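Sharing a structure with you now.
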């Protein structure tokens, strides 16, 4: 393959990755549930795009598979499933986080800095897209923060999924050819099944507790 | 084809249970399946032992079994067998009492073999990615098992389990990927293999920073699944709210499976960075878990939660023992895994019987004088408690003392002292609660328990086995554990 | 260390005969000091003879212990006496035990006497034995310390050895540790023999009596044995004091002359001690029971000082 | 023909095992179970007794093992046993007691027929004996610890045998917790030794202390002192003892007080004389001081008790203290380099050990007989039992005289030896420390006298006077087998008392092994008639001589009787009650009243709480009912243990707040952990 192509690919990846980061921050401050879901879909789309770029740059066909799977699964199927769930158990759209918007912005910023600090000494990965590792870690940490900061079950699931996006970003961009195919597919289906299971649980919880507020689930202690 | 069979048999059993109509057939499918797995497991460890230090691979290096995996296979199959044996009488009573519906009952018999298959795949997978997938699979199957009773509490427990477990697994996945990324050393730019065998071979050349980062994520991730404090918070909920057979499997093996996954990375890391970092982290988390378990057990109000916390303590002990990284301690850890796997299920089974008798697990409501009301259960519970407190003549005494002695020989006396102290604290709690529950005057007019042979067998056989192996440990088993310990200490 | 039968017989006789006389003497002198005529010196002999002849009334609640006690009391006192060098430096039964054995035998007698007090189920007996045992208990450490001071000097617990050691060259018994120890022992002697200020042998007032309370139920032969035993015990203790602290004139070699001399010395020392006891008894009032410990702890301190002074003056 | 000792030992171990199994098998048939288990136990005990005696009598070298009971479990875990003189001595101890108590139990177990499961009792009783025997024969850290833990476990089963009563359950829990703590200390101590030796066998630990750094040595010593101290009930680690011993069935109490607490003495002796090498001065002084304190406080608290078995339990503490005095003195002599004196001290300690075993066992058996006859342990409800239970009363009296250290019985002999070693200790050193010796001697005197007072109370209130309750009034004599059991121990007390020199000869191998001196010859005076004290102009005693003197003097009172009182007659009459008719038991002195003077004298220690409630109609001077209540609390429980427990529970409650149930908090924990690791591990 020709160096310039790699160059462009790498810049592209960096760009897309940073977009993912932006979306993540939007997620952190956005308070409408459905919008959250859509944002997640968008983020996944970017992820797919990155996958496509990597696949093109290295002509590795199985990374295309990953891209396709991501589009099918995370861009269309999961958001659709989640929105349906939201509609089924008509929960109000408003998300009331524990930490208010400015504070959460600050925290996310701090986490980003931390991620860069952590990723700095690792030099052996400057193959494709600079700083993708940092972005991945940021996605992970901010996703984690979202998970803590959200009250409702579904939003926590969403946060978990964004974390998963970060992981996939690392999987695609850091490892020259993506993971071995079997692993990719396995992970993908695991995620899908996980969301199914979560859906089932959310549904059952809804009908037993007549509420989606996870912070009400505190009967078991000590 | 041995490994394939070991994986295939329970999978097949599980799937068949979907369609098999008559209840008895379903039960027999489970029992038979696990019995076969156990036999295969025994055959496996003999074949592994045949050539010391060797590993058996199948399906083009996709499956791989060395001494460590073989040891784990033995534990998994033994516990699953006991569980399925106990489940028969347990769920018959539940069905009779209308506690579970036919559908949920079938759910259990389908999911349990899948759960077991997942665990077997964890220990047999050669590819670390596949190992992660398998762990995730065990998590998902066990979540539904935890939520089986569909009560408020069990749903809450399941929710916490799946959220925290899922989170941990995402972190673990990240760590895994980082490891993979680290394993791609620039000169070779073609598709790297993600197989354990090759990784271990190239460990010394791995980028150290990246490996450290990876190990941290893996530690937190799999640590959550293995219930190391402070990531253990889901453990008491899930283990106490699940149906007793599931609790037995969760406490008996599933924790150790997550630990196994963690240990694989520990081996890699110490091969790459030297044993310093990972050992110290393991030691720290292990000791913290042990120390944290004490107060909760002292103040515990609920039988199964107490058992769960005792599992936390034992996992902590194993972890710390590996962290001490002396020949004696690591061997002790292996031994301890075995003994604990044989003991803890019995305790949970007995707890299940008590729950079905009194419809509560609160010590206060159960009251006293169990020895009179349910003699068989009380006796076995008492024996198992003696065992789990690390008193002779049961094996945990040997394993714990081995670990502690190892600490003294490797100039880590203070660790051993801490371990001793926390063991004593835990003992005080358990003794206090159990003597209050088992002894004393029985409640007037409480119905005497009706207990089936299979039930007693399910509790008695593991204890018998433990006692037997304590008095007479076959040389082959000793070899196996020794080699497993060797693998963990990085001698291929 | 051989056992000579004549010596044993002689000392037994001495103990049996001298004891009542000594008690009588003390009573008589006490009376004199209080301007009373008082009983004759040998009154106690007549009393004993009378008691022997009298019938006995034994409590219906009493068990065999009650009748067993007097003999134990009497015999232990005698045996203890035989282990003590009275006339000769060599105690007749010195082989069978030293000062520790002597104390032990007296304790055995006290033990049974206390049981005998409890046996007839009367309130007084219980009271008496309770107080007796308590006082003996707190008197014991002082006595032991005092004895230790001597035994350490002698390097042995055999009374003969102690006597010889303090006999040695020079007036060894004048050194401070001896003096202090002697004072301690003297206080203990008052307690052990039931003298004022610890106990009043003359009273039969319920609330004050200790020794007598235990004997209330005894009569006739048994009473004789106990009274006699008690006076022998008193003799033994006084002779012990006299001889281990002032070992003058104890017969070293066995000739009639030395024997006579030794006997004279013994009587002299006993008279002196008796005089001291009488003086103390007349000059003091009986202490309240719970003040007695103060007295005895004082004795303990003295003995302690005696021990320490071994360092100071060596 | 003479079997090799090890064979006998193995035989007895198997016997106990069979007895245990049999007990469980015949659980349903209680008569058979009782006969079988206790019969087998008695036989096994006699076999191990022979084994021990052979060793002490000087068995041919090599006849005492070592040998493996089982093939090793894991290569480093060997089940080796060996009978060296020290072990053999304690083996004799446990065997003698085991034999007597088993015979006693044959009858005693009848008391449980129909209400408790005798099979289980017999089984755990055998298991306990098995563990204890194994402990004394252990030649390997593993075997020792396994036996130690098994002993605690089985003892727990026996203590909580009558678990229907709540106080029994609490006692069991306390006992087990304490013995687990001591196990912990001992494990740590042994592993410190193992660290230096690198081998688990006792033979390799011999004088290992010489190769350890002084810090490790002292650490090990402290750990062992704590561990074995708890087990033997040394003040202030004794809290479990007066709680646990009384609630157990009396035969078990006898075994516990007689043997189990001696395992601590065994361990301490084994460790201090065999393993830890030449002792610093501090060790001996510490042990001597601890012993003195235990002796005095033990007997003082015993005096305050009116529960017969608790009283005996406190006396165990006292006697352990006396034993420790001997051992401590011996250690000091070892330090100052006087091996022969050290041997004397050791002999004193060992002698008192076996003496205490015999008379305390005897007393507990007697107490058991009484408790079974009156269905109470409270002395205030007894009295006058010497009329219905003549034999029991006699045996109890012998035990009482022996434990009060009165001649001519065994207690006197061993305390005399202790006195002698303390006395001669004064000259071994010029340092001020030597004042310790006479002082502890004085305290020993105090202890002895108080013990005498206490047993006047125990025997007098229990067996003499009028019965204070209905149950005491119609008590019946104990079963024949029980009386045989007591008679056996009585005989042991008398023999040990009258023939000390013969017994001390048996201790020669022991002192030879531990100190390298044999002094029985120097101690024997007048060819065995008297016991000497090892100094150049020795003090001597001859208990036999005293007894004979007494007998020879007996003719005097008899003769006098024949001369004067031949015509005198005996009459039975009422006790004088100040002229009032009818003496009621209420007028008798009570146990509490008996010990009142001591309580007042040592007020500072006991802090007695008393409250008197009087109800009156018109004037407080004419009370209709008066309720008097006096209560003392043990200072250590109040000041040390209760606060500790409360503190621990409070901390646990604080910690529990971590697990408050909110999933967000849980997530936060993980998050923080991750961040910290990222920050610091990189």
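We just call them A, B, C and D in the order they show up, numbering each chain from 1.
FYI, contacts are C-beta pairs under 8 Å (C-beta built on N, C-alpha and C of every residue); 3 or more make two chains touch, one makes a residue touch a chain.
Because the structure is predicted, anything quoted here is derived from the model rather than measured.
Chain centres here are means of the Cα atoms, and by that rule the chain farthest away from chain D is A.
A separation of 101 Å divides the Cα centre of chain A from that of chain C.
Centroid to centroid, with C-alpha atoms defining each point, chain C and chain D lie 35 Å apart. One inter-chain figure worth recording: chain A and chain B are separated by 31 Å, centre to centre, where each centre is the mean of the chain's CA atoms. Our note on geometry: chain B versus chain C, Cα centroid distance of 79 Å, whole angstroms.
Counting partner chains per residue, chain A shows two or more touched chains at residues 118, 121, 144, 147, 214, 217-220, 222. In chain B, the residues touching two or more other chains are 159-160, 163, 167, 171, 209, 213, 236, 296, 299. Residue positions of chain C with contacts to 2 or more other chains are absent. Taken pair by pair, the chains that touch are A-B, A-D, B-D, C-D. On the side of chain A, the complex with chain D involves touching residues 98, 114, 118, 121, 141, 144-145, 147-148, 214-215, 217-222. Of all residues in chain D, only 656, 659-664, 667-668, 671, 674-675, 678-679, 682 touch chain A in the complex they form. Contact residues of chain D toward chain C in the complex are 383-384, 386-387, 393, 397, 401, 404-407, 412, 416, 419-420, 423-424, 426-427, 432, 435, 438, 441-446, 448-450, 452-453, 455-457, 459-461, 463-466, 525-526, 529-530, 533, 535-542, 545-546, 549-550, 553-554, 556-557, 560-561, 563-565, 567-578, 583, 585, 587-589, 593-598, 600-601. The touching residues of chain D, counted against chain B in their complex, run 70-71, 73-75, 77, 142, 145-146, 149-150, 152-153, 160, 163-164, 166, 169, 172-173, 176-177, 180-181, 184, 187-188, 191-192, 194-195, 198, 648-649, 651-653, 655-656, 658-659, 663, 665-667, 669-670, 673-674, 677-678, 681-682. Looking at the complex, you find that chain C touches chain D at residues 1, 12, 16, 49, 52-61, 63-65, 71, 74-76, 78-79, 82, 93-101, 104-105, 107-108, 110-111, 114-115, 118-123, 125-127, 129-131, 133-134, 136-145, 148-149, 151-152, 154-158, 161, 206, 216-217, 220-221, 225, 289-290, 293, 300, 303, 307-308, 311.
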